[in-house]
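Presented below are the structures under discussion, each in the form of structure tokens.
Across the two complexes that follow, chain A remains constant while its partner is chain B and subsequently chain C.
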Partner chain A sequence: MDKSPRLWTGFAFPGTAWLLALFAVPFYAVACVAFGSIDPIFRDAVPRWNPLTWDFSESKIIFSSLINGPLQGVAIRTIIYVVCAMLLSFLIGFPVAYFLARHAGKRKLMYLVLIILPFWVNYLMRMLAWVNLLSPSGLFSRFMNILGVHYNWLDGSPITVTLGLVYGYIPFLILPLYATLERLDWRLIDAARDLGANSRQAFRLVTVPMSKPGLFAAGVLIALPMSGDYYTNDLLSRSPSTEMLGNQIDFFLNASTQPQRGALLVLALSIFLLIFMSFYLRSTRQHARETTR
Partner chain B sequence: MTLVASQSQRRARTSPLVFVIWAYIIWSLVPVIIAVIYSFNNGRSRTVWQGFSLRWWFTDPNASLWHDDSMRNAIFNSLVLSIATMLVVTPLGITLAIGAQRIRGRGSNVVQGLTAAPLITPEIVVGAALLITFTRLFTAVPLGFTAQLLGNVTFSLSSVVVIVRARLVSIGSSFEEAARDLGASRWQALRFVLLPMLWPSVMASLVVVFATVIDDFVITSFLSSGVNSETVPLRIYSSVRGGATPALNALATLLVITSFTALVIGLFGLSTWRKRHGERGGLRAALADVTQMES
Partner chain C sequence: MTMRRRDFLRNLVITTGGITVGGSLLAACGGASSNTTVDGLAIGTPEKPIKLPVTTDAIADGLASETGTLEILNWADYHNPESIAIFEKQFGVKVTTSIYDDEAAAIAKLRNGTFKPDLIFGMSATGLAKLIAADILQPLNKSYIPNFSNVITGLRNPYYDLDSQYTVPYMIYGNGVGYRTDRFDKNAFTDENGYDVFWDPQFKGKVGVLDSPRDTLAMAMFRAGKFDANTSDAAVIKQAGDDLIAMREATNPKVDILAYTEIPAGNRDVNFTWSGDLFTALQYLPENVSPEVLGFWYPPKTITTNDFFCITKTAKAPVLAHQLINFLSDTDNALLNRTYVGYQPALETITVDLLISSGTIPESLIDALVTPERYDAALSQVTLDPAVDALWLDQWTAFTAG
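The block that comes next holds the complex of A and B.
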């Protein structure tokens, strides 16, 4: 298919127009509200549709607040929770995916089904399950009481929030990890072993470097939704002491009369994640280049 | 010789990781199973077991899932929203996938970029942006069902494109070229050769979209207009930390049953289709279809 006949342009048109109107334009609308003005009487945001008239005074306040002001705690907490949750997810997810790809043998299909199941259980159901277990009369709390641990799990505990994020998003890590490891050329690892590497060396020097782009992409893939998460926090903590960026966005847009601040935080989150995304795109492109070679 | 040796070594090393995977499976599934069990609790508590009953499912005349109007309303809203999204997004996604794969020239970059972007944008960003758009720019779109439908279509469009494009790549161009050589027009080759072959990806898309939308929380919540457009996830969210009865567990269980039913129907349909058309079939290929994973 050398040139692009009108038929294919016609096929691409409806979906592209849809995404332009309801994905690209909304981003612009966010910017227009973020850099707009505030109605002096009703305190509501008044968007400025012309970029030449954008007003950056409020954005300076919010961005400096995120870096070294009242919102600094929120920004730092978001990063710490997401990084910890990612590391833990890898710690748990990698061995699971590795086993599935390498050692599952004849039972692979059964394991695969069991690993995919939580993927299809509603996120809120999985959080509901933990709220029940962690509440003071819940099974897990009672079990921990027997062990001598008396801890209020559901009232502003950073541990619960981080573990909640791990529990919520780890299925989304394991599947791409498994897909990456599954595609590896395991003969190279066998070759390393035959050439005298012990299993640890083969893992460190062959398996990990080969699966790096996939690991990286999978990590970014869960870091993105984790960074914007607010409902895990709402359900498992409900305390200002564990609030993340997503909670602030939710608050400003849905519960307050300051949508401009919400819009600015959406922009801040997007810019922050854009850095992640560019890494992701670069690593997937690199990976594609390597695999098609 | 070496192959045999390394395989036996592999088997010997299996044991420690097998514990890890089972620990993971138990950790990921048992809490949910406990929540399901507590929906049959005879008492009002979601944490203290007081004997088995169907009270919160059927028998309680006011507070059971079967008789609670607001819960039934949420179930109805969820089903309508996911079926409507499924019907809108599937044709839109199929045409976009075909177009995006074949379009060349200047427009191509715009199409590729726009199709890829939603995949790496957190849901809260899309939800917040659409909320701002529908309340300040496209004010003709009322919050509630219409906005939720538009939002969910926007967010799930790219995943349909991913599924269909994977299938397009695996079909290749030879079938269409053969049809063209035999005198079919571009459109005829598409309509009578390519489209029928796309069927597995269409089925996979339907299942994936249905399950994503019925489980969706963020976009549906940002674009809701209160009780009228409350779906099951929204209902769970607003009552988890209150003093809700085990009827809430029953509601959540019903949601799980619904997505599993969709999954099973989809897997069954996919493997039947593959078998009938002589393609490499079985549960594993079907699983790969719905998890967007190459097997």
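The block that comes next holds the complex of A and C.
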């Protein structure tokens, strides 16, 4: 009888090992680089594996730069771009997921495949295709010219970068949202309608609250990669006026003599996202409690 | 994804900005350039050339070529496969290539034995200092490299390797301004204010600069009449950073290393870039567009750099390695190699007239060539003290982070 709890605990081993190997250890390595030093001859990062020897001097520089220095602008811009891209993704993605879950009928599978199909192509290739389409002589730009919209999409435009983020990550929003909406008990909507709610009220008071876990999960799923994204800006803008934190991380880690600054920015971003993540966990736990009551 | 040559160049100038060469922040604030040797890392500067230590003998004269395989380590697309095929046929050997995409990472892999090539292409002076510190190279025996006499005179005894004990120059390039001759008046570039176009709002959205802190900050310094490309003067570095921010506000330039595709595609009118990019740009011109649309302004005082070949101490085919260096230092072979690589071989025998008459470059790009005179007048980038390096990087961050 005593063995039973141990047995059940043992089932957590693969997951725990997975987390340790692919999250905790790499994250610790990043911290060791961030609080480590630089080889004086070869200028490589020298991680300090013993936390007691960690050097925090560089972290003070980076964090003050983020709060009130050269990196402040890029941090604020990243937040703005991610928030705008998320809002836009919800505006586009929610109706699509709702349609799939509620109205697609027999063609549901076909629509799902059609949504996913473009994303079988590598992200880089898709973005490069957009560079072609958005260039002044590209098909999209020429079409927009016919409509009277004369805009240089690739001229370091925040709009293009934000739209690029939406395009790149929206399937990661639609799919979990669809999974949540599909499991909704639609009889509750019908009940709301029977009790006098119009369709808008039923949507606002029943559908949206019941979709909360999916909305949060989808939000977290796209917010995390968007916040560290650097390729979208690299491919669609390449202008300093649209740089995101991911670009600075890429620069410090891959092209500078101060890789520990890149590691510190990774940590800073992780801490920021952790706040977002804990909010998500708290909400889902609260929602689970409410539904089991 | 494999890093191409120009990614290397971007990283190179950053790396050259980062090795400990002694001095202190106090010295840094004094305004003098850093140089020389500290902590086992031997670094020459034009003012203080260096004779590198030798810990082993070069191979003896008159040895027969090895048979079998010659292994080379090179950047992606940085030699012409056709040239290598000719060498293989001529010497009856097979040449295998390993690719590296980051100089520091390649040196780390050479140190730990992951890479075991006979011959390395395209290392920089900074890389050389590290390779010597790690005792990875063997001295050359130039009796196997008679074509060494073709090398640009000023590079036969370079400051980073006096007597060329370990290295033979490969490619050479200078910093300047690439532009479209069909959209841009060449007369805009005068010796005094050629860089002003990057601050001129009428060119907003049509300009680009190098994604390379040392190069682009130095360009802002040159524009302001400060010609120390390795300055440790905090005020000068700060002013250059402020000027770049002003440039960002005025013209919103693209910051990348894509001039070689963007200028020929017509997406940019003018770009601060490396001279070699304009030669590569020829391959990216759309059909029916004349090569004469590509132009280059080579500033009278600018940075000029080269890379080189070197042979590892553990080379299994050192004679063949010498022979391939000699092969690619032959004028005709170097010309053939250049048709693929794009960059300019560091050979005196490859003259402007030869390149024009061979039809490989248009007359509009004569100014992109590094002549021996230009090399002699060139400014060099040397390694900075870490504290000074941090000053440069801080200004770059202020510019790129917006």
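Just so it is clear, the second predicted complex is superposed on the first by the 245 of 293 C-alpha atoms of A that agree within 3 Å, B and C clash if a C-alpha of one lies under 4 Å from a C-alpha of the other, contacts with A are read in each partner's own complex, and residues count from 1 in each chain.
Throughout what follows, a residue touches a chain if its C-beta (ideal position, glycine included) is under 8 Å from a C-beta of that chain, and two chains touch if they have at least 3 such contacts.
Predicted model only: the values in this text are computed from it and were never measured.
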| item | value |
| --- | --- |
| Which superposed partner A:L117 touches (first chain B, second chain C, both, neither) | first |
| Contacts of A:V266 with chain B and chain C, given as first, second, both or neither | first |
| Which partner, chain B or chain C, touches more chain A residues | B |
| Contacts of A:M144 with chain B and chain C, given as first, second, both or neither | neither |
| Which of chain B and chain C A:R238 touches, first, second, both or neither | both |
| Chain B versus chain C as contact partner of A:S135, first or second or both or neither | both |
| First, second, both or neither for A:L88, with chain B first and chain C second | neither |
| Touching partner for A:R43 - first (chain B), second (chain C), both, neither | second |
| Which superposed partner A:S256 touches (first chain B, second chain C, both, neither) | second |
| Intersection of the chain A residues that touch chain B with those that touch chain C | 135, 137, 154, 234, 238, 254 |
| Residues of chain A touching chain C in the complex | 38, 40-44, 65, 70-71, 73-74, 77, 135-137, 152, 154-156, 234, 238-243, 247-248, 251, 254-258 |
| In the complex, chain C residues that touch chain A | 10-11, 14-15, 17-20, 39-41, 102, 104, 107-108, 130, 133-134, 205, 211, 213, 248, 252-256, 258, 265-267, 386, 389-390, 393-394, 397-402 |
| Contact set on chain B toward chain A in their complex | 2-3, 6, 9-11, 13-14, 17-18, 20-21, 24-25, 27-29, 31-32, 34-35, 38, 45-48, 92-93, 95-96, 98-100, 102-105, 107-108, 110-111, 114-115, 117-118, 120-126, 128-133, 136-137, 150-151, 153-154, 157, 161, 173, 186-187, 190, 211, 214-215, 217-218, 222, 232-233, 236-237, 240-241, 248-249, 252-253, 255-256, 259-260, 263, 283-284, 287, 291, 293-295 |
| Interface residues, chain A side, partner chain B - complex | 1, 3-5, 7-16, 18-20, 22-27, 29-30, 33, 45, 47, 92, 95-96, 98-100, 102-103, 105, 109, 111-133, 135, 137-139, 154, 167, 170-171, 175-176, 178-179, 182-183, 190, 193-194, 199, 220-221, 224-225, 227-231, 234-235, 238, 246, 249-250, 253-254, 259, 262-263, 266, 269-270, 273, 277, 280-281 |
